[in-house]
Structures are given as structure tokens and as C-alpha cells.
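Per-chain numbering from 1; labels A, B, C and D assigned in written order.
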Amino acid sequence: MTYTTKELIAAFMARDLQDGENVVVGANLPVPRAGVLLAHLHHGPNMTIGLSATQTNLLKEPVLQPFKYNRDFRAARWAESYMQHHETFDSPKLMSDVFFVGGIQIDQFGNSNLIGVGTDYRRLRFRGPGAIGTTTMTTYTKRYHLYLNSHDPRVLVERCDFITAFGWGRGGADARTKLGLPGGGPKYCITPLCVFDFEEETKRMRLRSVHPGVTVEEVLARTGFAPIIAPRVPETEAPSADEMEILRQRVDVEGVLRS
Amino acid sequence: MTYTTKELIAAFMARDLQDGENVVVGANLPVPRAGVLLAHLHHGPNMTIGLSATQTNLLKEPVLQPFKYNRDFRAARWAESYMQHHETFDSPKLMSDVFFVGGIQIDQFGNSNLIGVGTDYRRLRFRGPGAIGTTTMTTYTKRYHLYLNSHDPRVLVERCDFITAFGWGRGGADARTKLGLPGGGPKYCITPLCVFDFEEETKRMRLRSVHPGVTVEEVLARTGFAPIIAPRVPETEAPSADEMEILRQRVDVEGVLRS
Amino acid sequence: MTGERRSRIVDEIQAAARVTDGMAIVIGGHIMSSHPMAVIRQIIKQGTKNLTVIGAASAGLEVDLLVGAGCARRVITPYVGGEALAPIGPFYQAAVQRGEIDVWECDEGIYYTALRAAALKLPFLPTLSGLGTSLPEVNPDLRLFNDPITGRPLVAVPPLQPDVALIHAAVADAYGNVQFVGSGMGDRAHHRAAVTTIVTVERVVPNEEIRKNPLATAVWNVDAVVRAPYGSHPYQSPGFYLHDEDHLNEYLRAARAAVQGDRRPFAEYLDRYILGPANHAEYLQTVGFPRILSLHEV
Amino acid sequence: MTGERRSRIVDEIQAAARVTDGMAIVIGGHIMSSHPMAVIRQIIKQGTKNLTVIGAASAGLEVDLLVGAGCARRVITPYVGGEALAPIGPFYQAAVQRGEIDVWECDEGIYYTALRAAALKLPFLPTLSGLGTSLPEVNPDLRLFNDPITGRPLVAVPPLQPDVALIHAAVADAYGNVQFVGSGMGDRAHHRAAVTTIVTVERVVPNEEIRKNPLATAVWNVDAVVRAPYGSHPYQSPGFYLHDEDHLNEYLRAARAAVQGDRRPFAEYLDRYILGPANHAEYLQTVGFPRILSLHEV
């Protein structure tokens, strides 16, 4: 069965989510949205799905209509409970167990930047939207995926101009515990070309797999730092027929991931 | 019109409450309960009344049935809103503007003690129930009344063995601001014999008025410290006919304050 | 493909078994209302010892009962009593005066601050509450310090993390969506701080009933749900039944006798209501339908 | 004897008049939903300047509009944008890049921590959020310090107190009891921290309607209630209408032209929708019934 890169990524994300976990869907991030919902319908019947300031379970919904915006109240129709926004920050038990974080820069140690690009904070060349909730969410969440929808050496940089979410700092397996950060840190960095993980000791990014048709050389040419490369880099695992059926028949009927 | 001491005290408390204030009724304190409800029906149509974890307005209720216990859910029938208990401690805007505080000891500077009596905390002669919410409420509330239902030199002491609610410390008008406490501190100490206020400079208790039939000597004999005494101590102001009518016809129909 | 959504319903015996010697438990409700008594009685019956008992911000006599039954090594709550019935719990008072249990002295504001610090995995949270009082002296865990920005004095409150939160609510579905009648007291704060949450409910309802009013869902994703009608007896359960003043007075007579040296009435109380009945239904049978059905509102 | 209970209803012009030059305002809602636009448009119309604009924890383009209209001196919110329509607000981005407005850099967790410190009148609250990041460097109000108990590093967050909280909700009664459809976003946190709270609502309902479901009352005792049907337009109002994507794109075209140097389309936008209409009803008349009634859910 053929699949798009976005479908491949959604399936990859889904496989990292475990039954029973509590995971928030960002309506405005179609690929992570699909990944979370795929996990839920495929192997996570006891996952709690956060959606538009509600929590719910969607097993019984034949088709999950997508909504474009984060707080679209139409997505609250399935609510089992509501979450006041500030309440999320009252306990990590109310936060997502897994989180998806983007960045205008992401560095080789998985630190990410949503403030802006430039050397002088008072005169940024490019002002970003702001940290949103990423600083706190990445402090607490069990693990998170860095996710980019373009693979660009200006984004995947040696060192971020500013850091809004601390990944592995300047490296080392104890980088987070030294600071007292309870969360598990970034686990993967996923791009349209490949998946990076973090080498166990240095916590530098390591090329874990390339998507079908992508070469290691291509990844290196479009990455602003030198990731760790294993002697043999496998292909990112293809979605199964089961996964593709759920994706196309229930999660992404409108084909956002195919466009 | 005749009245009991409890009715007198309820009327005194009521006169200190202003229209528009937010005041919690402790169902288990019949006299302050009556004072708050009297103020509400007499001159406080815009007061917010806290009752059994709810907030409401009771103007339209002809008769306010009393409930004996703090969280009796029957009192929630009039609710306009609910308050989660921990939520009270999220903002003084959600707390009572005025508070009524008892004590197993109260000292001349209005500090109060709910921990116990004894010199060694590990071997108390008498263990009290605990601070309840008084430490925090008296930190923030605009002003509070110390209230005792017996006037006893073992309770009204020179110095508390322990302090659970800081009144005016060791005295002085700046005692609270020096510590950075935002609340206004104790305004009155009301007993079955008299009303004390706090002298402006020293913040020592001053005999403000004696209840009808009580002499200054009697107060002094039953007080464990020497309060400030003005040359002439007036009688505590009697309730008006209006006030008595509301008390007996609407607030305390069952006559708890007459028993 | 995907399996079924798993039920989280357990019985009161299975629920209580999750509480083991030496744990810290936090008990929901508020003085005369909403205590998860079906599980608390079973904890006593199973003989759990050395508990740190974190009562509600204002606890009722259920904390006193745990002290009397010898389950508690340490008590944390700014009030243990029964209001007009008992200004202070008899066992609690006696045990503290005799130095038999530890007390972590606090008030309600400090109590919630400590639970919040635990929920947020913070080493402390600051408060103005307690400045100028004896609390930092009698509770050495509360430390005076100077605010790093303005230099002003503050009280540092360390975290207080319960292993298990025990809550009594109106209804829940089998999947751990819990709804109260009324405010839910401070129970959300307990859930946020605790490692595990167990909720007893008057009724288990279908998930579809929960979805009719999701705004009423106060706590979700709890670990276990116990079907326990009249499960707060002898305390109130908002919207369901009133407290049982006669039963509480029976308890208080036994407790007062015990602290005076005559433990027989309390031993009989324990036998009759806790050690004897095989489970919650048998407890209710002992209390009896006539008494239970008399606890109505109007 | 006692008087009548006073109505707190004011119109949007009276409400906006409570916001004066140099104040700090906090705006409720969340990105594309629930902003009190009837009052915000009036604040622009009355020419208020030098505001500290505390947007929602994630603000929408209403903050961008206030920047574009020259009302804001300082912006505090960890996000200003329109999601897929605009990853960042054009005026906001340009003004920051040009150094025309101050930014108090934070994330949502730090934002709520600062509001909480204000509510509790604390000089600071500690957080783990921001450790190892640039936030304490680019926002000097955030101070690194060592926990007084364990010595661990923490970030000290100072209080952020709004003078006025502006909230949009579903319904309220005349006495300031406010109910949302749905979660109410982070609006309760705004109310708790602010000196004054003004709420615009889709409908003013009788007090008796509020009492039918008091559990839904999210904020009570607010200072003023403004009757503003469609008052969140062009943003969503949960349960009432969807956002107006065409209108937002019209705004964005004007804003993007303005930051490129052509302010004419934005001047026209302001004239047409904000400066021209005498009040909220006239604004809606300009938008037109056909457009407004097209923003339905199904």
C-alpha cells in the first residue's frame, strides 16, 4: 500500500504512544493529531485524548472530523470532562504525557527556540510567535517529539539563538536531572526527511532512520549540524495495512495527510 | 424591646459589615451567622453571602433556615455559584472580606491560638483542634472580628502559648505591614461581656463598650490582661427595632440566639 | 486492532488493599461530609499500620477513628473534629497530648500550598501565611526565608505528596470520570498531588450519562472506582443523604470512654461496624435500612 | 430597611471608559475564541494609549489589533497569532522587530505563575519552567535563585497584576454571576489576579436561570456586565457562533500591507469597523446580518 511521508510520520508517532497514556491533540498540527488518534484507535483504547479543552475517548466515533483551530468548540462535542487552561499548569497529572514541539530553530541537543532569530534580543532579525506552553510542558512531560514540517539547515542548527524549551542543553544524559527537570526530555526529532533520536551518553542527535527515498547524504546536506550517523541507517518503518486503514477511513478521511 | 446578649452581639457584628462585601457564613457559629445575615437583609442587599461552599444572595428568602454544620448540603439550595475549597486559597478575591475567628487563647494584641495550651509543644496540657483556615484567612481578610462565647481569663491572656493567627504581634500600628501581611488585622474582640477594639498606636486591646448590665470591673476581673480603659466606657449599642425584627422574623426564627 | 476500554471498577476490599503499611494517604471531604468511609473501614479491618494520614483541609472524625484504631503514625490536617458534636476528636486529642502520634502543624492555606508543591514537583512554595505565628517553630518543615527579589520575609512550604488519595463522590463511570453534587470540597487538590486516586461513589453511571454534562466532571482518569452506595455513612453525601448524628454520638461515646481508659465500648464499636461485617453491604446491613433511610433531606 | 440588589449592567462604551491610558489590561479567551471584542474595539475608538496588554495565555489577533492601532506600549503573552491564518500577528512581529513595544517574555506556565503571584499578593512564586532556557536572560524580571530548603536552582517569577480583566462569556445575570459554554479557557485566572473585571456576554439571563445550574457559574462578583451578542466576532463564541475567517483575512491583508509601509487598507479597516460605528450594534450592522448568520456550527 502506498503512503505519504505525512502518513509515515503519523504512524511513527503513533507507535511511540502507549495504551493508557493521556495525550493532547493540537488541532492545528495535522500530523501529530493523526498520530495521536491513530494510536488511540489502533492500540490505545484506554488513552485519554485531550481535544479543545476537553478530555475524552473516541473509540466509538466511526470518523473523526478534523477541526483546523486549537480551541474550535465543535471538537468539544465528545467531551467527558473539561479542562480550564490554567488548570493544566496545576499538576503534570493534568498535562499531556507526551507532547509535540516545533521550533523556528532546533539544535543538535534538542533545544528549541520559538522566540526569534538574531544575536540581539532587542533587534531580532525575525521575531517568532513566542514560547506558547512549550517551556513548562517540556519541563514536565514524560517525553516529547520535536516535529518539523520542513527540514532546513536554518532551522536544524548547531546552536539555537535562544532556547524556549530545554532539551538536553549542551548534552549529557544528566543534563536535565542536573537542573532538576522532572520530565523525560525530547525522544525524537521528526522531519519530512528522517527521524533523529538522541545518543544515550552525549544526547546529541543521531540519525535513527531515513524516510523511503531519502539518502543520508541528503539529510546531512540539509541539516545545520553534524548528527551522529550509525554505520547503517535503516528506513523509517512503513505503516501497516491496519494503520493505513484507520488513518484513511477514520482519522484523516479528508486526506489532509495526503495533500 | 428586650434582646439577648447574643442578639446584641449579632447586631454589633452586622453594623460593621458593608453593602457589597463578600462574607462567608460559618453555619457552626450561630452568632456570627446571624450577624452576617442580619447585615445582608438590613443594609447589605449587594453583599455576597458564602454558605456551605456556595455564594449567593438571600434577599428574597422570607426565612433563613439554619443548618448546624459547616458543609450541610441543604444550605447549597440557594447557590448562585460554588466554591471548591482549595480555590478559596487561590485569591483573596474569593475569600471572605470579613472573617470571624475564635481561639483557645487570645492575647492583648489580638493574636490567637488554636494549637493548644502548654509550654512544651510536644507535651501540650490541652491540645486544640488546629488552626483550620485562620492563619491564611487572617493574613488576607480586610478585617476580622475575634469572637468568644465565654469571657475567661484563661482564654483572654497576656500572651498566647502559641499563635496560629497573627493579630498585632507584640503591638504597634506597623506590626502587620512590617511582616508584609496584606490584610487589615483584627478590628474587634467580642465576648459575652464586652467589645474590645485596638488602640490606634499600640494596637493593644481597649475596652470599647460593655454590654448592658456588665461593669468595667467585672470585665477586668475576668480578663487575663489589663486592657486600655477609657475614662468613660459606654454601653454596647442596642439593636434597633428594625434589626430585631429581621433577626427574629427571618434570621433566627428558631431562637438559637434567645436560648 | 484496538481492544476494549477497560473498566476501573474494583470493590472496597480490592481498593483498600492498595493502601499498605507506612503509606501517606489523603482523605477527601470536609468535616461532616463526603468521606470515603467504605474504604477507610476496610483499611482498619485489614490492619494497615503506620500511615501518614493527611485528612481533608478540615477533617472530620474519620481521622480520629484511624487514630483510635491504631492505623496512624502521623496526622496532617489543620482540623480534626465534629463541630458541635465534638470540637476536637477525642482519640486525636489524647494521642497528641500523649505524644503517641506526630502532627505536621499547618493551616488550610499552608496545607493546600504543600499539596500544590507536591503536584508541581517543586521543592517548596512560598506563602505569607504563618509569618509572625508559631507555625514555623512547631513545624520545622516550614522555613522562614527572604524572597530573592525584594528580600521580604516569607514562609517556605515543602511538598506533601500522598501515595493514595481516597475520595467519595456522587457518581463516576467505569472509566474514572468522577462527578460531585456540589463543589467537591478540596478533593481536586488531593487528586492532583497524589500518586494514585481511588474514588468511592454513590452510583456508577454509564459513560453516556457523564457525557450529558461533562462540565460536571471534576476529576478524570482516576485509578479505581468503587461502587459504594451510602459509602460516606455516617457522614453526609451531598444530594444523597445527611450525616447520622446518632451513629456519630455512639462513636464519640466509645472514643471518649477509650481515652478515659475504658476501651471496651470502642472495641465493641470496632467489632460491630468494622471488623465484623465482611464488606460494605454487610456494614450497611448492621446499621440497618431503617436508620439509613431516615437520613433523608426533607 | 434593605434596598434593592443593584444591576451591574453597563454598555460597552461605559465599560471601555474604565480602561485609561497606561493601565495593564488582561484579555480573556484563547487564540481564535472568546475575546471581548466589543469592549476592545471601543478601547481603540476612545484612543487609549500606552497600555500594557496582557493577552490570553495564547492570544489571538486582538492583541495584534491593539498593537496596530497604537494602544499598546508593552505586550505580555507567550503567543500572538492566528494559527493557520497567521503564525504570528503581523503588527506584533513588526513592532517587536523594530523595538517599538516591550515584550515580557514568558511561556504559559510562567504566565499563570505570575498571575497567581499577583492574586496572592506574593512578591514571587518559584517554578522549574525556564531553567536552562533563555527566558531569564531575555526577561530580567525572571530571576534564577536557589531554593532555601534544598539549594536547588529555581526561577523566581514576580507578580503580574492587571488593572482590568476583560472577559467574554456565554451568559451572566445582572449581578455578575458569569457562566461559560465549555471550559472558560484561562479566564478565571485573569479574574483572580485583576483589580477589576468586566465581562461581555452573549446573553444576560435572569438570576433564576443562573440558579438552575450554579455549578456552571465560573466567575462571580464581577464588576460590570456588558450585553454584547456576537461580542466576540470575528472570533468564536463557544456554543453560539464560529470565527469569521473572511473577516480575519481582511484584517490580516490590511495588517500585512501596513507593516510593508502601506497603512491605507488598515486605516480603512479601522474606519469601517471601529472608528465609524457608534457602538457594538452599529459594528454588527456594518458586518451585516448575512455574514453574522453564516457563522453557524452545522
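Keep in mind that, in the parts below, contacts are C-beta pairs under 8 Å (C-beta built on N, C-alpha and C of every residue); 3 or more make two chains touch, one makes a residue touch a chain.
Just so it is clear, the structure is predicted and the values come from calculations on it, not from any experiment.
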item: Partner chains shared by chain A and chain B (touch criterion as defined above); value: C, D
item: B-D or B-C - the one linked by more C-beta pairs in contact; value: B-C
item: Gap in Å, rounded to a whole number, between the CA centres of chain C and chain B; value: 29
item: Between chain A and chain C, centroid-to-centroid distance (C-alpha), Å; value: 39
item: Residues of chain A whose C-beta touches two or more other chains; value: 54, 76, 82, 140, 180, 182
item: Junction residues of chain D - those touching two or more other chains; value: 120-121, 123, 127-128, 152, 154, 182, 215
item: Pairwise touch network: line, ring, star, complete, or other; value: other
item: All chain pairs that touch each other; value: A-C, A-D, B-C, B-D, C-D
item: Chain B residues touching chain D - in the complex, by the definition given at the top; value: 22, 40-46, 48, 54-55, 57, 59, 76, 78-82, 90-94, 140, 180, 182, 242
item: Residues on chain A engaged by chain D in the complex (per definition of touch); value: 28, 53-54, 68-74, 76, 82-86, 89, 113, 115-116, 121-137, 139-140, 162-166, 169, 175, 179-182
item: Residue numbers on chain D that touch chain B, as the complex places them; value: 1-6, 116, 119-121, 123, 173, 175, 177, 191-193, 207, 210-211, 214-215, 217, 220-221
item: Chain D-facing residues of chain C, complex; value: 120-128, 143, 145, 147-150, 152, 154, 156, 158, 182, 215-216
item: Residues of chain C that touch chain B when the two form their complex; value: 30-34, 57-58, 77-81, 83-84, 87-88, 92-93, 96-97, 99, 105-110, 112-113, 115, 127-135, 137-138, 152-154, 181-186, 188-189, 236, 238-239, 242-243, 297
